[in-house]
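Letters A, B and C mark the chains as written, and numbering starts fresh at 1 in each.
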Amino acid sequence: MISERYFNIAILALLIIVPTWAYFADEPFTITLMTRAAIFALAAVGLNLALGTGGLVSFGHAAFFGMGGYVMGILAHHAQTFTPVAEVPFLIEGTKSMPVIWLVSILLSAVLAWVIGFLSLRTSGVYFIMITLAFAQMMFFFSISWSEYGGEDGLSIYVRNSFPGLNTLDPIQFYILCLAILLIVLGAMARVVKSPFGLALNAARQSPQRVDAVGLNVKRLRLVAFIISGAITGLAGALFADLNRFVSPTMFSWQLSGEIMVFIIIGGVGRLFGPVVGALIFVALEHFLGGLSDFWHIYLGLLLLMIVLFGKGGIIGMICGREKSHG
Amino acid sequence: MVEPVLLTEGISKSFGSVIACENVSLDLRPGEIHAVIGPNGAGKSTLISQICGTLKPDNGRIFLHGTDVSSQSVRERSLAGLARTFQISALAMEDTVLQNAVLGALGATGNPWKFLSEALPDPNYRENAELALKRVGLLDFKNHRTAELSHGQRRQLEVAIALTLNPSAFIMDEPMAGLGAEGSKRLTGILDEVRTEAPILLVEHDMDAVFALADRISVLVYGKIIATGTVDEIRNNPAVQEAYLGESK
Amino acid sequence: MSLVLIAEQILNGLQFGIMLFLMAAGLTLIFGVMGLINLAHGSLYMVGAFAAAAVAGATGSFLLALVAALAAAALAGAIVEMVVIRRLYDRDHLDQVLATFALILIFSEGTRWVFGSFPLFLDIPAYLAGPVTLPGGIQYPLYRIALIVCGLLIALGLALMITKTRIGIQIRAGENDREMIAALGVDISKLYTIIFALGAALAGLAGALVGAIQSVEVGMGEPVLILAFVVIVIGGIGSIKGALVGSILVGLTDTLGGVFLPQFFQLFMEVSTATNVGSSLASMAIYILMGAVLIWRPTGLFGNSQ
């Protein structure tokens, strides 16, 4: 058994060494793959707060991922067509600036998470799963029917958005940006989990009646966790759309909600680096198995089934031993 | 007469045709331990659930410090000064003993909205939590996972969490169960000490403990209180004798 | 807007709702009795549709196709239950969701592997093709009428089965107390397999019946599955009656909303904006309905409150 700390350091090293090698070996596609993995990891780090720590099995996080994506798409679309987003009640212009796009993505995803969370948290258990899934599907159909922003075809952005001082079109620079955000959020999560809020949220998953009995508001704890969780996944969505310079309703799809969950399970539920490991493995499988067989999802399905049925704790659980589980 | 800390006024609860609690009136006075005893199925759990707010009585009212709390939630009653222990331990089993106690201390501050500071080393919670653990004799186990504790130790942790809340009334649901002679004696000592801080409504099967501790005893049979009085009064009460001896036939 | 149009749309909504019911009934039964959330229910719908399309293509008989759909979905359901699902009954919902999500991946890609990526088509048999004239002079496709009748008969059959038959009694007992029926000597694991296969067969039948008016393709099951979830949330988990009421509510809301909301907005907006706003809102209508029910009754219209 390897200590989880060393394992995490090894993963961190991987996130730095592979792209560095790819940069010098002139393999930009590898850098793009790593960027994809880092963004997926960020989305799953968001979900992990709700799912791993909070025990809220959200099958609808694509709603936030897509929200972030569409914020980027819509703002950039208006900037590149030189049209305002809205003129009433006041003038809102489009923008190509990443920091602004990120901020708006975070805010709007948080608001969406607030509404969805408020409704979904009136119930629990299996209702919660079905309701979150349904609300994400609502966003999916809404984006399809909203023809002003491309409907089913989605929106394309000609040039990647800009970040002060960086050339975001250079794969390695965009990767560094995404990695930096991932690491900052991971660092923050490491603290949140140990904070008074994290302690209470974690206890509310294990024994809600206890948290209630010490006078803390379980529902509000969960709602706040859900909002933070949605906001982070929304930020990941904005980055993902920027990576592809494209956003479409598939970012809202139920498959995507499922995949974000799968990253966490493959890596290990409630583990800090679980989502990162899961996303790396997913992207690697997608690339290598996808190259070998058109039907690689069968193998993904089998792997997932094996992990759920026989390998509790995910990859980190298998390598580092049992420390935490969602049981 | 001193104003009671806690008062139930004719509370009743039935489930379908089963009457689990019928017109129960009892009070908890400052500084006392008021024990509620009764055979299995007498409605003790139903009574506690109504007092703590997990069940809503069909009739009657509940007062805490003279305020009607009948329609308040569990959380509101907790904030108003009611602390309970659970008969079936309701603890965060994956967490350590200290984390559970810190949760109580956190509840006592009423503010869990701190996101970036670490909870465990924070003296605001830590001192309170460690003091409570020390009082119940669990300080040496503070870094153990709660799931590793024996049943008796979990009861002690339940009591410790209640202590961190600095409540004005304790509701304890069979804290002695599974403790063994040694632990039971220890906890008896703790409760004896605690009563000066806040009175205790004690539901308990361990009659030695009840007779050693209780200032007053209420006997609950089939959802009704058939007698309330001091230890001696209850011992010599014919109705009580019949209820118990009749049961054991 | 004529009355005929309204009547026609109500029938469409009813037909859609009845098909949703076939999905939701199985889901809610499986959840009610076994406490299992089954995402792969949509895959069984797809299996039924593909089996029907394949058999209809080979034999030309629609009835044989329906039989094949029932048999294939029930068989697939029974196998899946015995190999995977029964390991999940004691697991938490997260494990159930993930394992059945894995099953979706396996079913979908497996089907794509066998049948290819192109949609198949299942033809409406000649004796059910064409419109009929209903009272009031409404012209309506006979096949859709057949779907409504068939679905209502199945709902009636299910109700009778649950209230009158031995297995129905076992199902109701199982919802209340698992240990009790085991103590009474009922073979629980066999009962669970039967219930799962029954739910699967209903889903497969729905897939085949709908397959004749839409195309049969990989991924056809999941949108229906999610709508069936909405139905269950509205109706209340575990309640067959709730599933029926919820299905019809969702079917009507979705169909009528899609047609009438754009027209409604035309009353005070210009045509293109009204179509845009109306259809966007219509796409959200059933979820807004779900949200409203949740605020009003968090456990659904016919769910147990606590």
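Throughout what follows, a contact is a pair of C-beta atoms (placed from the backbone, for glycine too) under 8 Å apart; a residue touches a chain by one contact, two chains touch by 3 or more.
All figures in this text were calculated on a predicted structure; none of them were measured in a lab.
> What is the touch distance from chain B to chain C, in steps?
2
> If you take the mean of the Cα atoms for each chain, which one ends up farthest from chain B?
When every chain centre is compared against chain B, the largest gap points to C.
> For which chain is the distance between its Cα centroid and the global protein Cα centroid smallest?
Looking at where each chain's C-alpha mean falls, the closest to the middle is A.
> On a C-alpha centroid basis, what's the spacing between chain B and chain C, in Å?
Each chain's C-alpha centroid was found; their separation is 49 Å.
> Rounded to the nearest whole Å, what is the centre-to-centre distance of chain A and chain B, using the mean of the C-alpha atoms as each centre?
Roughly 44 Å, centre to centre.
> Approximately how many whole Å separate the CA-defined centres of chain A and chain C?
Computed from C-alpha means, the inter-chain centre distance equals 31 Å.
> Among the residues of chain C, which ones contact at least 2 other chains?
Within chain C, no residue touches at least two other chains.
> For the complex, which residues does chain C have touching chain A?
Interface residues on chain C, with respect to chain A: 31, 37, 84, 87, 92-95, 97-99, 101-106, 108-110, 112-113, 222-223, 226, 229-230, 232-233, 237, 276, 279-280, 282-284, 287, 290-291, 294-295, 298-299.
> What residues of chain A sit close enough to touch chain B in their complex?
188, 191-192, 194-200, 202-203, 206-207, 209-217, 221, 224, 324-325
> Which bits of chain B are touching chain A when the two form their complex?
Going by the criterion above, the answer is residues 52, 54, 73-75, 78-79, 83-84, 86, 90-95, 99-100, 102-104, 106-108, 110-120, 122, 125, 161, 164-165.
> What residues of chain A sit close enough to touch chain C in their complex?
51, 57, 59, 119-120, 122-123, 125-127, 129-131, 133-135, 137-138, 141-142, 144-148, 254, 258, 261-262, 265, 269, 294-298, 300-302, 304-305, 308-309, 326-327
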